[in-house]
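Below are structures written as structure tokens.
In the two complexes that follow, subunit A is the common piece, with subunit B as its partner first and subunit C second.
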Partner chain A sequence: MFDRLINPGSIAVIGASHNPQKIGYVVLKNLVSHGYRGEVYPVNPKGGEILGYKVYANVEDIPPVDLSVITLPAELTVKVFEDVAKKSKFIIPIAGGFGETGKEGKEREKKILEIAKKYNARIIGPNTVGIYIPSTGVNTALVVPERSRFPGDGDIAFITQSGALGLLTMDSVAMYNVGFSAFINLGNRIDVNENELLEFFGSDERSKVVIMYIESFRDGREFMRIAREVTRKKPIVVLKAGRTKRGGRAASLHTGALGGSDAVADGAFKQCGVIRAYDEVELVDYARALAYGKPIHGDRVAVVTSAGGVGVVTTDYIESQERGIGMKMAELSEETKRRIKEEVVPFASVENPVDMTAQASDEDYDGVLEALNSDPNVDAILVYALFQTPLISERLVDIITRWHREGDKPIVVGTIGSEFAMRMLARFEENKVPAYPSIERAVKALRVLRDRGEILRRLGE
Partner chain B sequence: MNEYEAKKFLARYGISVPRGFVAREEADIERMDLRYPLVAKVLSEEILHKSDVGGVILNVGSPEEARDAFNRINGIFGTPVLFEEMLRGNVEVIVGVTKDPSFGHAIMFGLGGIYTEIYRDVTFRVIPITRGDAEHMLQDIKGRKILEGYRGKKVNREALIDLLLKVSAIVEENPEIEGMDLNPVLLSEEDAVVLDAKIVFS
Partner chain C sequence: MFDRLINPGSIAVIGASHNPQKIGYVVLKNLVSHGYRGEVYPVNPKGGEILGYKVYANVEDIPPVDLSVITLPAELTVKVFEDVAKKSKFIIPIAGGFGETGKEGKEREKKILEIAKKYNARIIGPNTVGIYIPSTGVNTALVVPERSRFPGDGDIAFITQSGALGLLTMDSVAMYNVGFSAFINLGNRIDVNENELLEFFGSDERSKVVIMYIESFRDGREFMRIAREVTRKKPIVVLKAGRTKRGGRAASLHTGALGGSDAVADGAFKQCGVIRAYDEVELVDYARALAYGKPIHGDRVAVVTSAGGVGVVTTDYIESQERGIGMKMAELSEETKRRIKEEVVPFASVENPVDMTAQASDEDYDGVLEALNSDPNVDAILVYALFQTPLISERLVDIITRWHREGDKPIVVGTIGSEFAMRMLARFEENKVPAYPSIERAVKALRVLRDRGEILRRLGE
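This part shows the complex of A and B:
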């Protein structure tokens, strides 16, 4: 349904510009620099050439296209809209000045929606940064390239009601090589909405997880129906913000006063198997855990570390109900303890956390992970890859990656430190191992994988 | 719909409510066939917090006391008086319904009294709910241990789950319901009984 939006064979840029400060230039520049391979039709009455593309003076002059990006102000957008709709399957009107500004803007929205319906074109927006699809090089977003970075291709489909928050979120993780399959900003959402897109990405094989930033649902019940279906196949994480005011006679009841829309949304998410994030960091952290990791069935965690204190803090976070995730530290089997003590690290503490101390080597990690992987008392492993000690090398990334891929137990990695550690974090990311730069974030990833296990048991037939 | 009518309405769907009787004048009390002790309550749709304004009298032990209670409440408010059998139980909870702008009807469950009012320890689900949803709701509140027989105070979890499912079914069948407060619902080893009920229709 949205194939031609994600992977358009041709794109028209209505309002293309020679001026590098203008969005009509940036969109063209984005298409060039992100390697978009389809046909490009810039439209501007002045004609000429921009970035090597021939510029068309009128929309009438271009052939039919899959996608048109209108980079003109709202008033002009309305003016050209009929000509554009005749030629396009999908239209992205970038400009603000629509429903968000009041009555006049609402009228404009009504007009363009009517026209789009008449010609069977679909609108994303208006008032949107548009879309970014790393794999096809389609990018309509306006940012200063020297000061921000777009992430590469990956497993995460991102649907957002806020364009800026979405771009900032992607920028903040691009340096760790986190990749996205698609980014779509709904803008004022007068036509294409989150439910259709959730359904689409639910069956899109390139997307392993769908994440959403939502302030208000277009149709909450429809969302639940689709989410219930999608969550059987792939995880959904929602960052839900904003509370609607409650009114009416029912507000005189206790239940009405307690049931701000947020509390109801929270219950709805639990019913339809949606995992909730509370900020942009959690949103992507959880997405990575769910896209790369295995669901955890059970609540017994084995922790491997070379730093004792890290193990102690982790234990607190794992077991505490109040400031933690309420899971359990696994009781390692006698066989596991014997193997670790006799075959791997005689100097280690073979209780859980398994503390191998600063004498630990890459091989020691390998041996301990092997022993834990065959321990029936362990449901998941949290392993800290701490690169600050002499016998640990970059090879540890490969060793952990191998256990992540070949072992049966779900694995989450913690890597703490500065530039070197962050480089290793990026390597884990390339290998699609869920790795996190702090104890708390690593432990929360465990919880999310456990929640996913529970959702699959509850809703997955 | 006043409290008595609301309870009649709930009872039609198999929800437990105390046996009750409405006295419009003192003489009605002679015909009252309830087991003492009773509770006497002002019967009015307008008064929301009955006990705060002196509209509730507990432990009415005899027909004489019932007449006194009638005259006191009727004297202040000029309304009929609802007499109900007083029941014993172990835990009070709240069950409610609200209508959310994006999700529509939702059911709420929480522990009663300060747990609801101060700690807001409540959980919602969108209607209709499944049995699994209802069970999940009982697990979802922070005070969940109280429903597991804390300090020997046993409660009938099945009766509570059944009540949640019935409320969900009532709202499905009567979508004109705008909101509902069943507060408190008294849980005992045997049953879950709705002690007070407000239902708002659109």
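This part shows the complex of A and C:
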């Protein structure tokens, strides 16, 4: 349904500009610089050429296109809208000045929606940063390139009501190589809404998980119906903002959202197998766990570390109900303890956490992971890849990756450090291993995989 | 009391080695490369020269020193200990193989402690990574320099029972320019303990805050007595690990710690004004808030953002009791709203959060901060410095820093992004402005400053 939006064969930029300061220029430039390979039709009454593209003076002059991006102010957007709708399958009116500003803006929305319906065109927005699709190079979002980053292609489909929060979130994880299959900003959401998109990405093979930032649902019942279906195929993570009374008020000023009770939302999410995140960090952390990791069936976790203190804090977080995830430290089998002690690391503590101390080598990690992988008392493994000690090398990334891919047990990785650790995080990410830069974030990824295991179990009943 | 440990005029390295793979070489190299300027006396029966230093064949041959670092294995450490103790004010025996390994190791500890007492020398450790003092260049800790970082000089004194957790934690924040006044690893803690050090750093002018990683207190009552005194002068943040039953068991395997009930610990911390952290990220996040920020008196927070969604999520976190900090969004005065709307940003939403939208400029931030600074309804300000929009520049760092320094209200900064945002975080850090790379972390810093305000109020009663 949205194939031609995600992968358009042709794009018109209505209001394309010769002036590098104008968004009509930047949008065009973004298309070029992110490698979009389809046809591009800049439209501007002045004609001429921009960035090597022939500029059309009138929308009438261009052939039909899959997508039109309107970079004009609200009033002009309305003015050209009928001409654009005649030519386009999808239209992204970027400008604000619509429903979010009051009565006049609402009138504008009504007008463009009527026109779109008449010509069977679909609107994303208005008042939106639009879409960013790394795999096809379609990018209508405006940020200052020197001060922000766009992520590469990946497994995460991101539907967001807030464009800025979405772009900031993608920016913050781009440096770790986190990739996205699609990013779509609903904006004022007068036409295309989160439910249709959720359904679409539910069947999109390139998206392994769908994440959403939502301040209000267009149709909660419909969302639940679709979520229930999608969650059988892939996980959904929702950051529902405006969950407090005052937050709801802020949301209504932001996107005009009217939220309901958060307890009701929470119950509904649980019922239909949606996993909740509470901020922008959790949203992507959980997405990565769910996209790359195996669901955890059971609650017994084995922890591997070379730093004793990290093992102790992790144990607290795993076991605590109040400040932690309320799972359990596995009681390792006698056979596992024997193997680790006799065959791998005689100097280590073979209770759980398995503390290999600063003497640990890459091979020791390999041996311990092998032993834990065949322990029937272990449901999941949290392994700390700490690169600060002398016998550990970058090869540890490959060793853990192999156990993640070939072993039976779900694996989550934690690492702590500066630039080097972050480079290793990016390598884990390339290998699609869920890895996190702090104890708490690694442990919370375990919980999410356990939740996913629970959801799948319930669905199977 | 510990002046000669922190700032030793002379250091002996017992077991200094010619072999770059040996810790007796690395410790010596660390001293040189971190800029230690005092006298250095390497001791090794082979004599000769290492790294340009004359090597002494016997401990007897060196003059008295402030600090001796023993890099020999446990058995040899005991053997040379009397000779070393005769010459030293402080001794750091690095090796493991003491009390943590059982009876034989306990005997060794007894022996060296007796000797130290006889000669009035003090022991840090054994089984410790030792100490790192950025300002004097004293560094006995062993890590692989290519894969980790040491932080620079700063306001945070760090006392830790776990060496590895401590080093990892410092490594992870070094890239943000977070600085430390001192790092001391207690190790097996047979002599110098956390209470003496807390008392010392309580009076140390260079330390603005003391943070501790502790698995068990040597003397809880004494800790409380000292903490109560120190907290009048400066904040204390404690990460008490082993807070769950199973975590306590892991701790006892790690450092032999025997923890008590966590509820008791929690009550005791509250009573004596100690702020709790639950992981390595909170530990330093809170330290930075407390070292740089003003205590918050009251609970009404004003939020400034250019991204609406960030404002909504922040509002939820501030107001929520269960998943948040249970503070309040300030009701801005009519005068403030008028000023912001009429004089600064007519396009903004002047409810709280103040959403200046992507059109915001550096000057707009300045104007809004000025208005909020004189609003009697505002107890603290959380300002998001988001550098992705076109009218924002690096100058925003200076503007916020100025309000942090010259304004009356406590300010916390949030930012979200990749490399550029992280560079700006490092600049805020240099300016000693508490700044955080996520919504949740910024909001939690507010809570800690409010807790500090509460503690000071109670002490004043």
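By definition in this document, the second predicted complex is superposed on the first by the 441 of 461 C-alpha atoms of A that agree within 3 Å, B and C clash if a C-alpha of one lies under 4 Å from a C-alpha of the other, contacts with A are read in each partner's own complex, and residues count from 1 in each chain.
In the analysis below, a residue touches a chain if its C-beta (ideal position, glycine included) is under 8 Å from a C-beta of that chain, and two chains touch if they have at least 3 such contacts.
No experiment lies behind these values; they were computed from the predicted model shown.
Trainee: Using the touch definition from the top, say if A:278 reaches subunit B (first), subunit C (second), both or neither.
Mentor: It touches subunit C, and subunit B stays clear.
Trainee: On subunit A, which partner's contacts cover more residues, subunit B's or subunit C's?
Mentor: C
Trainee: Could you tell me if A:320 is touching subunit B, subunit C, both of them or neither one (first, second, both, neither)?
Mentor: second
Trainee: Just checking: does A:267 make contact with subunit B only, subunit C only, both, or neither of them? Give me first, second, both or neither.
Mentor: first
Trainee: By the touch definition at the top of the document, which applies to A:146: first (subunit B), second (subunit C), both, or neither?
Mentor: Only subunit C; A:146 stays clear of subunit B.
Trainee: Shared contact residues on subunit A for subunit B and subunit C?
Mentor: 244, 249-250, 253-255
Trainee: Across the complex, what residues on subunit B touch subunit A?
Mentor: Touching subunit A from subunit B are residues 48, 94, 96-104, 106, 108, 110, 116-117, 120, 122-126, 129, 132-133, 136, 140, 178-181, 183, 198, 200.
Trainee: Which stretch or stretches of subunit A touch subunit B in the complex?
Mentor: It comes out as residues 216-217, 219-221, 224, 244, 248-250, 252-256, 258-259, 261, 263-268, 270-271, 458.
Trainee: Along subunit C, where are the residues that touch subunit A in the complex?
Mentor: Residues 96, 142-144, 146-149, 160-162, 164-169, 171-175, 213, 215, 239, 241-247, 249-251, 253-255, 278-281, 306-313, 315-317, 319-320, 323-324, 328-329, 349, 351, 353, 355, 357-358, 386-390, 416-421, 437-440.
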